[in-house]
Amino acid sequence: MARFIKSNKEFIGISPDSIRFRGEKKTDSTLIKLTRYNENSLSENTIGEIEDLTDLYKPGFTSWLNIDGLHDMDLMRQLPVNLDIEPVIISEVLNTHARPKVIEYDNCLYIGLKMLHYLGDGITIKTENIVFVVKEGVLITFQERTGDVFDPVRERLKNAKKRIRRLGADYLAFTLIDIIIDNYTYLISRIGQDIETLDEKLLRSANDDILHQINKFKSELIYLHKSILPGKEMIYHLIKMDSEYINEDSLVHYRELQSNINHAVDSLNNYKEILSSQLNIYHTQVSSRLNDVMKFLTVFSVIFIPLTFIAGIYGTNFVHIPELHYKLGYPVMLVAMAIIAVGMLVYFKRKRWI
Amino acid sequence: MARFIKSNKEFIGISPDSIRFRGEKKTDSTLIKLTRYNENSLSENTIGEIEDLTDLYKPGFTSWLNIDGLHDMDLMRQLPVNLDIEPVIISEVLNTHARPKVIEYDNCLYIGLKMLHYLGDGITIKTENIVFVVKEGVLITFQERTGDVFDPVRERLKNAKKRIRRLGADYLAFTLIDIIIDNYTYLISRIGQDIETLDEKLLRSANDDILHQINKFKSELIYLHKSILPGKEMIYHLIKMDSEYINEDSLVHYRELQSNINHAVDSLNNYKEILSSQLNIYHTQVSSRLNDVMKFLTVFSVIFIPLTFIAGIYGTNFVHIPELHYKLGYPVMLVAMAIIAVGMLVYFKRKRWI
Amino acid sequence: MARFIKSNKEFIGISPDSIRFRGEKKTDSTLIKLTRYNENSLSENTIGEIEDLTDLYKPGFTSWLNIDGLHDMDLMRQLPVNLDIEPVIISEVLNTHARPKVIEYDNCLYIGLKMLHYLGDGITIKTENIVFVVKEGVLITFQERTGDVFDPVRERLKNAKKRIRRLGADYLAFTLIDIIIDNYTYLISRIGQDIETLDEKLLRSANDDILHQINKFKSELIYLHKSILPGKEMIYHLIKMDSEYINEDSLVHYRELQSNINHAVDSLNNYKEILSSQLNIYHTQVSSRLNDVMKFLTVFSVIFIPLTFIAGIYGTNFVHIPELHYKLGYPVMLVAMAIIAVGMLVYFKRKRWI
Amino acid sequence: MARFIKSNKEFIGISPDSIRFRGEKKTDSTLIKLTRYNENSLSENTIGEIEDLTDLYKPGFTSWLNIDGLHDMDLMRQLPVNLDIEPVIISEVLNTHARPKVIEYDNCLYIGLKMLHYLGDGITIKTENIVFVVKEGVLITFQERTGDVFDPVRERLKNAKKRIRRLGADYLAFTLIDIIIDNYTYLISRIGQDIETLDEKLLRSANDDILHQINKFKSELIYLHKSILPGKEMIYHLIKMDSEYINEDSLVHYRELQSNINHAVDSLNNYKEILSSQLNIYHTQVSSRLNDVMKFLTVFSVIFIPLTFIAGIYGTNFVHIPELHYKLGYPVMLVAMAIIAVGMLVYFKRKRWI
Amino acid sequence: MARFIKSNKEFIGISPDSIRFRGEKKTDSTLIKLTRYNENSLSENTIGEIEDLTDLYKPGFTSWLNIDGLHDMDLMRQLPVNLDIEPVIISEVLNTHARPKVIEYDNCLYIGLKMLHYLGDGITIKTENIVFVVKEGVLITFQERTGDVFDPVRERLKNAKKRIRRLGADYLAFTLIDIIIDNYTYLISRIGQDIETLDEKLLRSANDDILHQINKFKSELIYLHKSILPGKEMIYHLIKMDSEYINEDSLVHYRELQSNINHAVDSLNNYKEILSSQLNIYHTQVSSRLNDVMKFLTVFSVIFIPLTFIAGIYGTNFVHIPELHYKLGYPVMLVAMAIIAVGMLVYFKRKRWI
């Protein structure tokens, strides 16, 4: 399937609020966790059945519902009712190939973003769609697979003294988005480091392997760019839209996010420039080495050409070639040849051809 | 005829409301279908004569008039009167080479868009102009040829429980435009998949065939870009213009369209970048293979040059060449030649020239 | 003289309202035509002397004064008084190298635009400056040469039933500008068609002739771009400035112009991309053909090298070369040579070098 | 010193209002001229001592003080007091490497711009900083060297009937800036003409000389771009800022300036494109000529290879080579060689290799 | 570690107000200096313990607290309390890899900027993060290492007559930022000078050394661009945000900063263009020199080919070769060879191949 844009003919023309999973199934089980906290208490529960979930909103508390795994259609169809959100939002959640975006609905704020996962083989990146739904006192997060990306925030939540315990769902959403964007930075810095290492390798030897690496990095950067750039736009709109679900005080943090994602995008572009500069160096290196070889070989053969010609002349069968009968004819010819060869070498050296 | 811009000298200077067909005739028959529905009932009729068409607007119902085939000028000239729209709109409909755009007229909203058709031969795309005219309770659509693009929506309409039956002409227009834009995404993802497949092919063998494919894809992407980009602008204006014919509630769906078309355009640009990167790899592969061949051949001939020279020396007819009379002269020469040849091979190997 | 920007040292520092002709004289005679019409009547007169021209504005009528030829300075100096416009406008008219622009003066609206003429030799374009001055009930047009570009509008005016007879000077200006912009589209489509034809030619044979055509097209596109792009800006400003000389009702037509000129500029950029893609193909074709030739020739000579070497060995004059005395020595050598040659051919074929 | 940006370590950290000359001294003497005019009278005086300068503003008159030469620090330090302007303005004037800009101060408007001088050697451009300070009824201009750039305006001022005598300091500033921008246009058109001439030269012969010219033009265009572009921004801000020192009536003229400078920048970009297109043609020409030479030479040597091989065979010393004893052996060999040579020539010709 | 973007996995997910040092330790000791001044007095103290610091704000004075070295976490944790600023600001200060930005907090204005240090080895640049916190009557600056960058301002402060003594903390901040930006200009002008020097070197000889320099400069320019560009944005926002901590009167100076940084960025882009133009020249030079060598060598060997062929013919052992028995056969052959060689030389010369 195409990596940059995914589309399935069968989903063309379906209603925007029809609840159908439009991604690849990335996990087998669905995990629902409800975390509820305020300054004084914190409770964390795993919800077995969606029916157990009543009254998500509890005054004086911030409730965070995290849903890992999106393939259980029965569950998904029940969510709009139980969570009091519009079906179109769940439909949106299920379209995991959607572009990062922010939409303000009547009773909630929808934020979609791509989480990037760095596979172990060095330079392959996979994306995962993560959705945040911010409601009054409630944050619902949807992940395609069960993972531990949000664990640092769970840790912070456990500490009652942390500011995060005092602040609401919008601040919680910020800390989670912050993790995702910090992850972008981390990924770019890792690839960036590898790219910068290429510089020295290139000067030592420009082989096919390096070329393949450059091309691989290039296509990963294009892929990263495609995943991160809409996120930048999204954050920009989020700040500009002045949503009622984002507190005035939290906005300063969201602006921080904007600065971070801008930094990430800038660096990405820098690395793109550096890669194309490296590609240039690679080609220069290769062609300069080829030139050296060809020049050497050409000079080598050129030196023998007049010598062979002279041998050819004295190989003719003319009856009257006086030189052939001289006693020193043969050694003189050899010496003359040596002089010609040396003379040409000196000439080429002086012309800096060898 | 030029594919990217079409113009005909004879149409220069004609009045903007003169009703003349300015495209290519793409169908023989004209098909007019009227679909009328509300939450409770749905009727679908084929209109034989335009005279049969009176009172398009029926209170409490949404009326969708779909006209396939635009070459019947008698019909077209009657339309403005029967449908109560300005002649300039019909003139616009007939100019099938027009750029996608949205215009708000006094009593309707005009939306023009390109439908893309993917021909069976792999990578050739044809465009068709589709026009939506949104009026109070009425949607009129014009297509250049009879087709089944809108069938999924007809299916949804048949289901009385679907939301689409409750919502008006603006929502109907949205679902139809949504199909067109989903089609963009689908097309790009299909071409994109083919482009991504080239990556591996390139590494295996870089032949002329791949080059022609890259160039073909490239020109198709330029053509797609040209067809889709004005659509992106159009959607943007549609949202910004705050038309009275688009319901506040429908706007959120139109914003969804914007996100989708942005995604499509982004991917298109990504694929353009990938193609030019592939072109680069192609050239590198070709020139690197040529270099290998040339280097081998040069090295090969360079090895024989000194050998032939030695043979030439002993082929001279000097009377006094002592070596010629030695008993082992000939085999010693052969051995010497072998040593020289091997020595050069070793030297070249060490220098990594072969 | 420079084609892209023209400047004359002697005009530096002259007053903006000094009436001096700053272009090239393109016609010998000056032709002044006054067309006056309303729904009921139409009169068309050629004005011999500017003195004959009094009361350009006639209530209830639209008066269109068309002046072809700008070199008659006496006439030009009289115009501001007779037509009641500021001298700076005439000065502007006379600067035929000016950039397309729109300026609102106290009692009129100035619109300058480039008319493009396509010379018969295939791909050379000449520009002509055309100025529209819109006043209350009056349109004055200035052309550098006498021509028939506006004839379609004159034809339409003759038909009393046409809408143009009912609408004012701003609509007349629109129809004339529309002709100019349709002409852009037509020109681009003609060049575009020629460019698209190159595609096939390129695949058949990439010769110098095609290269010169590509370069010629490229420079013509740059020239077209330079002439059309400021027109796009101009139309944009015209719509945005909300001038009192442009009727609300006419604005929708001007927006149409904007869409058309955008389409033209888009296509222009597409063709630029296509040309640079073709240039790429051209270079690939040329270098691939050269590679084929060089490879063939190199392989050819490489095959003879060992054969000539063998002949050289048996050409040496050693006294003791046993093979020379064998009866079958000579034919065996020939056969051995043939085997070596065929062996090498097979090897090269297998390596896909030939 | 760097040509594109000049900086001196010793000026880092000095106060923005410290009066120190930060440019190169370009003239030895300082020349101060005061021109005072209204519709009825005009006086022109050279000011010997700055002390003579009292009451620059004289009601009912426009006073134009022109100062050529900026290196006299005593004078400069006195200026703020005598001219009633802030010291920071003089400090700005003395920083001749500053970027063109417009700043509105409390009691005056500061406009900085680059004057371009075209040196006689064909394509070298020098810049000079020119500052305009517009006050109520007063215009002060600062030039780095004494020159005659503003002479056309002095001429126009002498004619009492000219509009310039009736209008104020802002109109005077406009006419002077107009000269500077017309000068840009003139310069670009001169370089442009030279660039367009290269087109034909290139087709005739692509030698090193042309390459150096292309590169020289390119770097001059970059330099021009750098000098002119900030001027474009500056004019744009000047118009947008709605300064009290620029009369409403003069604004139309400033808009004219904007159109002119836009035209200049457009053409500059066009010429940049043309140059890079020419560079392309140059490389194509050079490589195509090299290809021709190499192909000819290769074909030439390839034809001799089989002939020399045949001679080699009959040069072998086998005792039993029957052909050697035929009477016609030698001429038959020569004829066979000729046939082979002609055959190869025909083959290569047919393959279009020669 | 990656140079363009730095990220550490362990900092992902930490709270924005957690006080942890996220940079490299660049100094061992921490130095805190308090400078307090008004028009009449100036005191400068080194603060040993942060506890000594009470009442930073003193009415009627401007207090400037400069902190060099950020690694002392105990100190940093105490700062928010002692300086009455939010912990998030200190957290921001400690993230030395942050992007330049300006944020308005409730009781202060945060300005972050990169100071550039030019290492002695010619072209390596290091960045240092510098933070300005502007409060009512107070300026706090944070530097990563102890340095003398701000010394010129300290000097100016000592002079009681200087304007800086009369103006507040916002003006002090301006003068310090001014130094940083002047430093940008200085750095670019130094690198720029080196780049411009390359022009001549390139024409004299295009060796590998120059290529490495071009590539080094290029990557330094990318790095500079990355460090300076966000600063440009930052200044732009600073001016637009209309902060209460920046006095109206100081704004004109900040606009000056904007002009300076724009100038720096423009020049940077110019030098990038020049470098890529130089890279072009380099490649042209190298390939043109290679072409010369190859052409010479090919022509040289081509001249010998027919001569060797002739010698080959007379080396054949045919019994009946009449020429071999002519008395003048040998010298005639030599003369014929000379004529052929000269003839070819003349031919090649005429064709301009040598």
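All chains are identified by letter, namely A, B, C, D and E, in their written order; residue positions are counted from 1 within each chain.
We take it that a residue touches a chain if its C-beta (ideal position, glycine included) is under 8 Å from a C-beta of that chain, and two chains touch if they have at least 3 such contacts.
Per UniProt, the chains are A, B, C, D, E = Magnesium transport protein CorA.
In this text the structure is predicted, and so the values were computed from the model without any measurement.
Shared numbers divided by all numbers used gives the overlap of an interface; between subunit C and subunit D this overlap falls below half, so the copies present different residues.
The best fit of Cα atoms from subunit C onto subunit E calls for a rotation angle of 145°, in steps of 5.
One finds 26 Å separating the Cα centroids of subunit D and subunit E. Remark: subunit B and subunit E have CA centroids separated by 42 Å (rounded to whole angstrom).
Residue positions of subunit B with contacts to 2 or more other chains are 294, 298, 301, 308, 312, 315-317, 321. Viewed as a contact network, the protein chains form a single closed ring in which every chain touches exactly two others. Residues 1-9, 11-17, 88, 98-99, 101, 103, 105, 208, 211-212, 215, 218-219, 222-223, 225-226, 229-230, 279, 283, 286, 290, 293-294, 297-298, 300-301, 304, 307-308, 311-312, 314-317, 321, 323-330, 333-334 of subunit C touch subunit D in their complex.
Listing the residues of subunit C that touch subunit B in their complex gives 151-153, 155-156, 162-164, 175, 178-179, 182-183, 185-186, 188-190, 192-193, 195-196, 199, 203, 252-253, 255-256, 259-260, 262-264, 266-267, 270-271, 273-274, 277, 280-281, 284, 288, 291, 294-295, 298-299, 301-302, 305-306, 308-309, 312-313, 315-321, 351, 353.
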